[in-house]
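In the two assemblies presented below, chain A is common to both, partnered first by chain B and then by chain C.
Entry: the complex of A and B
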């Protein structure tokens, strides 16, 4: 029974890594810019499809991953400049725009690539058997990449000049602007960074599982749940909440009523938000408008 | 003023002429509709419906059309995407029935959508074909009799106890020699939605009727991508076979994870064509059975299927996980055209009478016919991929009666 228990713990960590990567993008964009981008899941899906295209074209997984990050970051730049910028003072409009984007992006992908699943060969095929516990090397890779990316993002947001200016802008946009901080440009920067993380998440996702044009929808719900549980804009919160959610999912599927897995996760989110409305670690409620 | 009047009169005459022309064109055309998920969660099955129906319509029109009495009609196909949303399916059906006045509707791929659609098609006397194995609760000799609530509804897939029975028997008979020892314990992993629950209740009975111990049915939330906790749970039960029952996309997501975790010495994938297995270059170090709905694309033992699928893909249909689902509809467009010709009229009651009395030679079976409850019966094909990659397929006849 012990190997099964350890296996479920590892399964939970693996689930947590993908959710955390999405949640970090969501928490940055939602928490620091106030843009409620429910199409973030579609950004992730497009990252997967770009990776698939690149691999189909003969590139290796790593160059394909880089192409996916760049492509989705560019898409984020275009959409922020072309759409979301005009909704900054009316977040509800931005929310509705993002809902519309979900349908548009899904149908664009269907138009060009069809509705069917896409998959790539596993970039790492090895599976280690340690005392009856099976560890897939590709899952270890995803966990390690997630840890590295989250750590780098954390350092950038908390230690760099850019991060300090960004947090100042979250507190009070007008005062930050008067202090010479180019708030609009910083918002674009955060949106592009969050989009790039979605591109990375998409590339890692298709390394693990086949994707469809509809993959993003389910993933983004969990991303938002984790971002809210951890505290909006709080990277530590996103990581801890991602871990909790991943392990709850793993163990509920393994030992509880398996069909209730999502219900456990979202029930936990509701409970946390009732007890701690600003999330486990506290967070912003988006930038304060003048 | 006089000039203006003349111009107005000319314009009116032109409009009248074009309207007459349009109505004459309509009079030479039979409209039929298809409602299916061309987007959304059921897309992998749904997109095959318009593709299969469209191919049949093209073949009929290319052959000259439908000859009714001394008049020949072309068929016009109207396609509607239900976006895997029941409200959209209902709206699309209303539009096709009330505005477009279709003579027949094909769809949907989902049982509960079909029931909702039938509430519109049946009072309007629109012939309705649904490839759902699960309509036994509404289709019976009384409900399909003239004046009955579902007189114009036809089930173009065998009943679920028949499909499950053929599938369970086929899976176990193909896997046993490949595994090399008797298969005694089965675990079923299934999506937790209405269709998944319904289908599994029959499949578990079918497995037990074949002597299998089924210690647990593990349900997962629809849209699951990471199956590892569910699979680890299955592994703890030491099964001989893990059955991924419904649907094809989830199944193909789960299998590589199961192989990594070493869950069982053999697997069964429901609703996965061997064609997609080969297309994607999939492989496994243990035997994997696949079942098609109803005849396999890729490695079929049915000679007609090879020709059908080459025409199907040549017509532009995408190579999907369950391309074979298109066969639950393709044959019945031809069947319906034959029924119109036999009835000598488009009258729905005469058409139903013709459909009830006819036998049709299709791809799925040389002898397709409807029973007294408007349901078809035919064999289901099951295939198995050996660890070396060789795929063998066999047609499995359905059981005569449901297991207790």
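Entry: the complex of A and C
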């Protein structure tokens, strides 16, 4: 029983890694810009499809991953400049725009590539046998990459000059602007960074599972559930909540309740918000509007 | 701020009723079955849209899980018919009440959190419901869903065919329009709008904001339940994915495109979204891309919906033609910010 449990735990954590990448992106973007971007899951799905296209074209997995990150970051840049910029003073409108984007992005992908699932050969085929526990190296790779990237993001936000300027802009946009921080550019920058994380998540996801144009919908809901559980706008919260979800999903699959897997994230979120409406670690209510 | 403030309340009801009278004459033109089916499903959506308009247009809170409440109505109808042999006319109030009860159950915890969080909570509840329906075994028919065989009758005569059913749906659209007109023009409607405009001020005036928000959600659930029963008896087969995330997004889209604050908005949104792809001869994928683009364009360019935008445009045009300065009491509704 125990080996199976550890295996399921690892599976749960590898999926939770991708969800955490979404949650971190969502939380970062919301924290600074107040934009609730539900289309973030579609960004992830497009990251997966770009990876698939690149691998089809004959590149290896690593170049494909880089291409996916760049492509989705570019898409984020264009969409922020072209659409979300105009909704900064009305966050609800930004949210509705993102719903429209979900529909558009999803169906544009279907139009070109059809609704069927796409998969790539596993970039790491190795399976380690540690005392009867079969560990797929690709899952370990996904978890390690996520830890590294999230740690880098965290250090950047908390330690660097840019991070400090960023947090100042969250605290008070106008004063930050008066101090010479180019707030608008930071907003764009954070949106692009969040999009890049979604691109990375998409590349990692297709390394684990086949992906369909509809994958983004469920993934973004889980990402939002995690972000809300941790407290929207709170980076630490997103990471811890992602970890909790991974463990819960892993254990439940280990005990044979896998058909309910999708319900946990939502159930957990509702429970957490009932007890602590601002999430486990307390969120922000978005940037303060002057 | 409120658009109809310049005219009497009745003036806002008459255009909606006139449109409905015209729509009721449609079967006389001998439309094809395809058109009639589209019209019926548009009408079924419009009933739910009126509920959503009370919630979003009047109270200013958006539900992204509304299709789930429609689903509660639909599954109530199907399960009552299967297990108890209860037919259409009894299922209607029961489905409606049950959907309202579910709205209350969802609303109480959801409204503890504010703003964005509420929207996401409703979305999560919607997803949860479709997971529950999928995993519900024989009781909910799992992923394949349920069939509904009982006939619809109208004073003892069969009314399940397209034309009679079209009239039944039109009647319910009319009832919904009148009901939401009554809500908008009641003191209750004014209370809801006060909450929409300034929650803190409303609370300081002694309005129980939380209770009224839940109340508005329950009212919108009543509409959604009726829409669900109509839907179950029209399609004769229901399955969980009809009530999952995307149908909810489309409902929100329709109410946005039509405009949530006008009485004609839901009718306009429902008809446009149902018939536009047909008129432009688009396949489903293309038409959905078009919906999405329309939604984004409407939000960025005409935040009050297509119809309100049209009226504003005409008014501006008229003003320019007459050449007079804008009247000080011209209702501005945020459109000026983006115009």
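Here is the rule we go by: the second predicted complex is superposed on the first by the 287 of 290 C-alpha atoms of A that agree within 3 Å, B and C clash if a C-alpha of one lies under 4 Å from a C-alpha of the other, contacts with A are read in each partner's own complex, and residues count from 1 in each chain.
Everything below uses one rule, namely that a residue touches a chain if its C-beta (ideal position, glycine included) is under 8 Å from a C-beta of that chain, and two chains touch if they have at least 3 such contacts.
It should be emphasised that the depicted structure is a prediction, and the values quoted were computed from it without experimental measurement.
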item: Clash or fit (per the criteria above) of chain B with chain C on chain A; value: clash
item: Touched partner set for A:95, first chain B, second chain C, both or neither; value: second
item: First, second, both or neither for A:87, with chain B first and chain C second; value: second
item: Partner chain in contact with A:160 - chain B first, chain C second, else both or neither; value: neither
item: First, second, both or neither for A:209, with chain B first and chain C second; value: first
item: First (chain B), second (chain C), both or neither touched by A:262; value: both
item: First, second, both or neither for A:110, with chain B first and chain C second; value: both
item: Which superposed partner A:273 touches (first chain B, second chain C, both, neither); value: second
item: Which of chain B and chain C A:119 touches, first, second, both or neither; value: first
item: From 97-105, 223-231 or 331-339, the chain B stretch with C-alpha clashes against chain C; value: 97-105
item: Shared chain A contacts, counted only where both chain B and chain C touch the same residue; value: 106-107, 110, 217, 259, 262
item: Footprint of chain C on chain A - complex, ascending; value: 30, 36, 83, 86-87, 90-93, 95-97, 99-104, 106-108, 110-111, 217, 221, 224-225, 228, 232, 259-260, 262-263, 266-267, 269-270, 273-274, 277, 285-286
item: Touching residues on chain C, where the partner in the complex is chain A; value: 62, 64, 109, 112-117, 119-121, 123-125, 127-128, 131-132, 135, 245-246, 249, 252-253, 256, 285-286, 288-289, 291-296, 299-300, 303, 338
item: Residues of chain A defined as touching chain B within the complex; value: 1, 4, 7-8, 11-12, 14-15, 18, 106-107, 110, 114-117, 119, 121-122, 127, 129, 134, 136, 205, 208-210, 212-215, 217-219, 249-255, 258-259, 261-262
item: Complex contact set, residues of chain B against chain A; value: 38-41, 43-44, 47, 192, 218-221, 223-226, 228-230, 232-233, 235-236, 249, 252-253, 256-257, 260-262, 280-281, 318-321
